[in-house]
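Pasting a structure here, questions to come.
Here the chain labels run A, B, C, D and E in written order, and each chain numbers its own residues starting at 1.
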Amino acid sequence: MGDCHYLYGNVATEKRIKFMKQLLEFVGIEGERLRRKWVSSAEAPEFVEEITDFVNTLKALGPSPLKREQKPDQPSAKVAVA
Amino acid sequence: MAGKKKKEFEELRIGVFICDCGSNIAGHLDCKAVTEYAATLPGVVFAKENLYTCSEAGILEIQEAIKKHKLNRVVVASCSPRTHQPLFQNSCKSAGLNPYLFEMVNIRDQCSWVHMQDRENATRKAMDLVRMAVARAAFLEPQQDIESPLTPRVGVIGGGSAGLSAAEGLSRMGLEVVLVEKNKELGGLLRNLHKVAPEGVDASERLEGLIQDVSSRPNVKIFTGAELKSLDGYVGNYVMNIRDGEGQTVKESVGCLVIAIGAIPLVQKGLFGHDGKRVITQMELEPILKKGKFDAKRVVMIQCAGARGDERSYCSRICCMIAVKNAMFIKKLSPDTEIRILYRDMQMYGTEKEKMLWEARGEGIRFEVYDPAHPPEVGDKAVRLRQPLLGREIEFAYDLVVLSTPLVAREDASELSQLLRVPMDQNGFFLEAHAKLRPLDFAADGIFLAGSCRYPATYDEARSQGLGAAARVGTILFKDKLVTSAIVAEINPETCVGCMGCLQMCPYGAISYDQERKICQVNEILCKGCGCCAATCPSESASLRGFKPQQLMSQIRAVMEG
Amino acid sequence: MIEKVIERVKELLEGGEIKGFVGLCNKNGHTAPYLFTEVAELDHLVVGDFQNPGDARYPLNKLLIDLYRAYPEEKFGVLVRGCDERGLNDLYVWNQLTPKNVVAVGIPCPQELADACGCPKPYPDNSVAEPIAEGAEAQDLIRMEALGVKERFTQWMEVFSKCIKCYGCRDICPMCFCKECSLELDELIPRGEMPPEIPIFHLVRAVHMAGRCIDCGLCNEACPVDIPLRTLYKKVGDIVYRKFNYRPGFDKGKSPLNVLENK
Amino acid sequence: MEFKTVLTVCPYCGCGCNFYLEVLDGKVIGTIPCKTSPVNEGKLCIKGWNVHEFIQDPDRLTMPLIRENGSFREAGWDEALDLVASKLKKIKEQHGPDSIGLFASAKITNEENYVIQKFARAVIGTNNVDHCARL
Amino acid sequence: MLDVGRHPNIKLMAYSEVEEVNGEVGNFRVKIKRKARYVNEDKCTGCGACSEKCPTVVPDAFNEGLSTRKAIYTWFAQGIPSTHTIDTEHCRQFQGKKCGICQKVCQADAVEYDQKDKFVELSVGAIVVATGYEVFNPNRIPEYGYKEIDNVVTAIEFERLLSASGPTGGHLYRPSDLKVKEEVPALEKSLKKLSKALERFEKKYGQKSEEFYKALGKEEQGNDPDKAKWAEAYEQKEEVSKRLSEYKAILEKMDVAKKLAFIQCVGSRDIRFYPFCSGYCCMHSIKEAIIANEHEPETNSVIFGMDIRAVGKGFEEYKIRGADHSSITYVRGRVAEIIQLPDKTPVVVYEDTMERVVREEPFDLVILATACVPNKGTKELAGILGIELDRFGFFRTTQANPVDTTRPGIFVCGCADSPMDIPESVAQASAAAARAAQVIVETEMKKAS
């Protein structure tokens, strides 16, 4: 746990995810739809395994009840240059 | 921070460059289709595919396109930003475009290389990635790198072998040094050593040479019997408040600091019956040896006394060498003294120390292994030991027992660590940025460490770490100004309510509270751009430049749209 | 009980210890939040049980913050119930008030109100009278948790869809002291979308209540469409307590979610 | 230091919700719904919650302004009313009464609303009258 | 590595050797030989298209010969500089055969077969030597049977086997099994060839080979050369298919090595070879054992050593963690000999000094923690640089100036000076940089004054 590039970033994330899972469960969104896994840049196979497993779990849970059409953001006509 | 210039606004004109990377990308996805798709995205006025964007030809292509099509945003879809982002940003800069209006998309390592057999999906994924980048590019804001002046002076705390070596190195490199030593004279632990292993040169002779050299140098200012009271400022612009020998407070402005306060040998009453007379520590043995005559006939040394156990779990690295050195010196003074060293592992690492061990055995010093589960017991006449090799208890009568105790952190080390806001490990030694790759740096920029305050070190290790720290200081102070990336956090003073939520989440102590205005502020030099404050601020007053809510949300919504 | 409060406030005012007392005043037929500065006005002081207990409670701490921001050197008194006192403790933690500027005058809540609130501690520590009720179970929370995932989902989504984005829950909340709220940021909650994106709007606010909500229930009473917000924020408090062993207002310092060490 | 909580009625629409205006040293700084009012029982809509912001807002109009070549000039009531009257008459003559429409508001009293529709129908001769209070 | 590659102040000259050094501190003239790599450094972007198409396969020295690479190659993936190099000993083009595929395939046309060695003259103020070390070759110790026993490997080979980018993708297959796996395709090919030959005979004589072979008496075979060839082919086919099914059986139950033995001080602390302690091998073995356990939870390891020297910061705690969580046991004792059972399992013969008994214990794999010895070229380089070596063959330094060699202005750091672990080498590297900077600053000042 200790080797986060930003010292404690992963510790903070861990707590927030633990909290969010419970809150989502409470409002009726399955906790499994949110998953946190520590994978270092050297652990490519574990990363692939994790993502595939996650996709299968989501497929089993069925489409998200919150699914809706998503409009892209309209950038303002004028943008800052300098 | 340079005052905010008046913002110039232009109509959004994005240029997208898709790289084939030879066959690495083009071989596994349809770059032409991705380029055509990119041209259709909102705000994109120019899209081009080329063989190698990172080659000279590719760079020229970007620079000409910026000028010809008056691009104010550039997106390059190629390899990982780690390889060529600085190269592309600099080429945008030389073409007159603010380097922070550049966005890079990895369609190689994270797309073509991992979806080699699935060309169709890889192409679609590349299109999604490019769409996300273009969506974010639209909301990028121009930034300026942060520059701050550097004071070419260095503060060295601690005048032992490590501190003196750092001071010598720094002054020889042409940097002014302010050396602060707590005791009346310089030298640290070396002062009370008798001989220095392995050549057995006299410690004081080695020390005098070093002290003479450092104190004679014109650009070294030495405060003895002095202490660092407090430290203000940040890397490049520290102000040391020193209480000098006469108790006055002296202000010294320095650019960097080297911490070399060393450590002290453990002296623990009752440890193996320690009484300072018949059961002493190696450090208490040194003055006896200095007297030049030695009368005890039977000496027993016990290694790992108070170390590698529950109380202190670490191995103090150098006490085996000290024990063997002192044992060999006793043999020189009184050859018929019987010396027995009870050890768990003889930590004689490296070429010189192992040779010492062989010579010691040659001189008849006996080494006995003991099992940590049954440590030796020091009676008032003899030391009882359960000898694993023989499988039974044996006793050695003794006149003197010498305990090899570990070096432990100084009591005021934790106070200094608070003052400098640098971390310590559970044994009270300072915690360096990275155990293997940055052993002499702290996580916070501008402060370095050397010698036993990091971890017990022999004399030559302390010297090379001191010199090493000097080189690390050089990496900062040999430049005329300190340039840090503009990707740092900022806090909106109008909406901040001073709840300090961000201050307590900042791993680098880069946020401070302003008493009068009752708001929090970011010190841009110390900020590493990790975004912890932005993530925790409920009113979005704290935000990370380049990763504002608008920029991130537009990217997320772009991927959903696919 | 009101006499004890008046007596205490009179003592504070006459002693000059406080510049004013933020309490409730019976004025032109209504119970109004009011800053008492003269002893004479004290006979109008009421405790906020208009028709039945606790039906006229106000976020007095919010007024206190406004006063403190304008007059940081002055000291003020404030009428507190169990929840308000928890609010004060938490506002000290979040650096919005300081103990040396506040004198709390506490009153206990009756059992009937404690049960209605499902309040864990219906009485303040320094109170003019002995507690007259013990903590009550959060019935609404238990009922909600008894439901299955699907039922909970339909119930909450239906309830959230009634929201008219009046920001009443935020404006009434004594713990929401931000000058500008991220729920009004166009990038997160786009303007003109009604009802605001479900459940993002409500869950964002719920997350902000982690380590802050003192369970006073004013949000429920301020919601024009009666969304059971208190139940949602009780659950937030329950998670923070079970998972991180922290209760705002009770425990010292900020919640582990708002602090960096790996507690 | 002077701090008052003034009970008042919301000016926006017809509901008539009650709330207190927080006034600190003469500046209106906040709104607190009145819990004991039978009308809104401590609840407000988004306009009600932010009513304290427009009262002393510097951008609020305090006198008639006349637009001249792109910018506004302060003017007296008479001059302004004469200008409006003559312009309306000219439009009515050129384009007929139905080319004019009147827009009333829930913020003004019933009497004023009555006058507006009377003015539209009797004086201008058009039925184009409407207002915004469609909550 | 990446930062060095693109740092403006650093000129990186890979695949180059120092030929000559003269001058003195503050003003050295160094002659460098830029060996020809037959690929133009400026044009090549390291895309790898050439090595993909190159037909010549060569054992890969980086993976200690456990896997293969092509004749045009980079030492390891994502190396800096990413320029490829042609191995002239194996490349067809340079061995007289016609090929030129890599030149055709290269879109950056960076391949230049006619490239020659180039010589460059540098004028520098100071020189830092960081030539590192070599790994002791354990077949100088006959009793450990390195190379004879397949499942005895060096620490470096074990590191490659365990590495995710190594020959086995990180799975600890035993080298004996890997050998079998390699031979299987060759056997299958010869089996196919032999069965086709038998079919020709069967068609010609209209008789099943098996019947023919059974009916054939010994003497009849003598006079008919055709029938003799048929019989011989049949015998060979039988023999090949038997061996093939044997190998297939081994491959079926082929499993990851689970029981590991680490033997410390192989070549170190040994009068016959190097009487010093190499400093890092105890910790290296503990690290490898922990990673092996993390990779395959059933792995358990035994580390045989006289002392387990975990002397660095956090090392002792790491050693204890290895024992508590990664099922490592430390045995104090020196391994006498390794013998091999018929099924290629190595058996370690050792005396457990704590229990005072000699034991023989079989392991799946034995790893030799080999010593850190001076590079072969060290003597020659010392000559060129005009600096002395110490009695172990490393560059001589003194305790007072741990990074200064015997010639002013030339410094040394890392294992080239003496065996040490990474934190020490990194600290010493900074020290050498400081000393070099001092020389530059002092010569500038002399010039200025």
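Please note the rule applied: a residue touches a chain if its C-beta (ideal position, glycine included) is under 8 Å from a C-beta of that chain, and two chains touch if they have at least 3 such contacts.
Because the structure is a prediction, the values reported are computed rather than measured.
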Discussion item. Under the document's definition of touching, what chains do chain A and chain C have as common neighbours?
Written reply: B
Item to complete: State the chain with the largest centre-to-centre distance from chain B, centres being mean CA positions.
Response: D
Discussion item. Contact counts by the stated rule: is the higher one at B-E or C-D?
Written reply: B-E
Response to the item:
Farthest CA centroid from chain C: chain E
Response to the item:
Cα centre of chain A to Cα centre of chain B, whole Å, reads 31
Fill in: chain D-chain E separation of Cα centroids, rounded to whole Å
86
Discussion item. Could you work out how far the Cα centre of chain B sits from that of chain C, in whole Å?
Written reply: 46
Worksheet item: Just how far, in Å, is the C-alpha centre of chain D from the one of chain B?
Response: 65
Discussion item. Where in chain B do residues touch two or more of the other chains?
Written reply: 505, 507, 532, 536, 550, 553-554
Fill in: Shared interface positions of chain D, touching two or more other chains
none
Worksheet entry | Contact footprint of chain E on chain B as seen in their complex | 21-24, 51-52, 54-55, 82-83, 86-87, 169, 172-174, 196, 198-199, 201, 206, 209, 308, 313-315, 317, 345-355, 358, 369, 371, 388-389, 391, 425, 429, 435-440, 454-455, 459-461, 463-472, 474, 478
Discussion item. Please output the residues of chain A touching chain B within their complex, sorted ascending.
Written reply: 5-9, 12, 70-75, 77-82
Worksheet item: Given the complex with chain A, which residues does chain B contribute to the contact?
Response: 5, 7-12, 42-43, 72-73, 98, 101, 135, 138-139, 141-142, 443, 505, 507-508, 528, 530, 532, 535-536, 550, 553-554, 557-558, 560-561
Worksheet, complete the sentence: Counting only contacts in the complex, chain C reaches chain A at residues 144-145, 149-157, 187, 198-199, 203, 206-207, 210, 232, 235-236, 239-240, 243-244, 256-257, 260-262
Practice prompt. Can you check the complex and tell me which residues of chain A touch chain C?
Written response: 1, 8, 11-12, 15-16, 18-20, 22-30, 65-66, 73
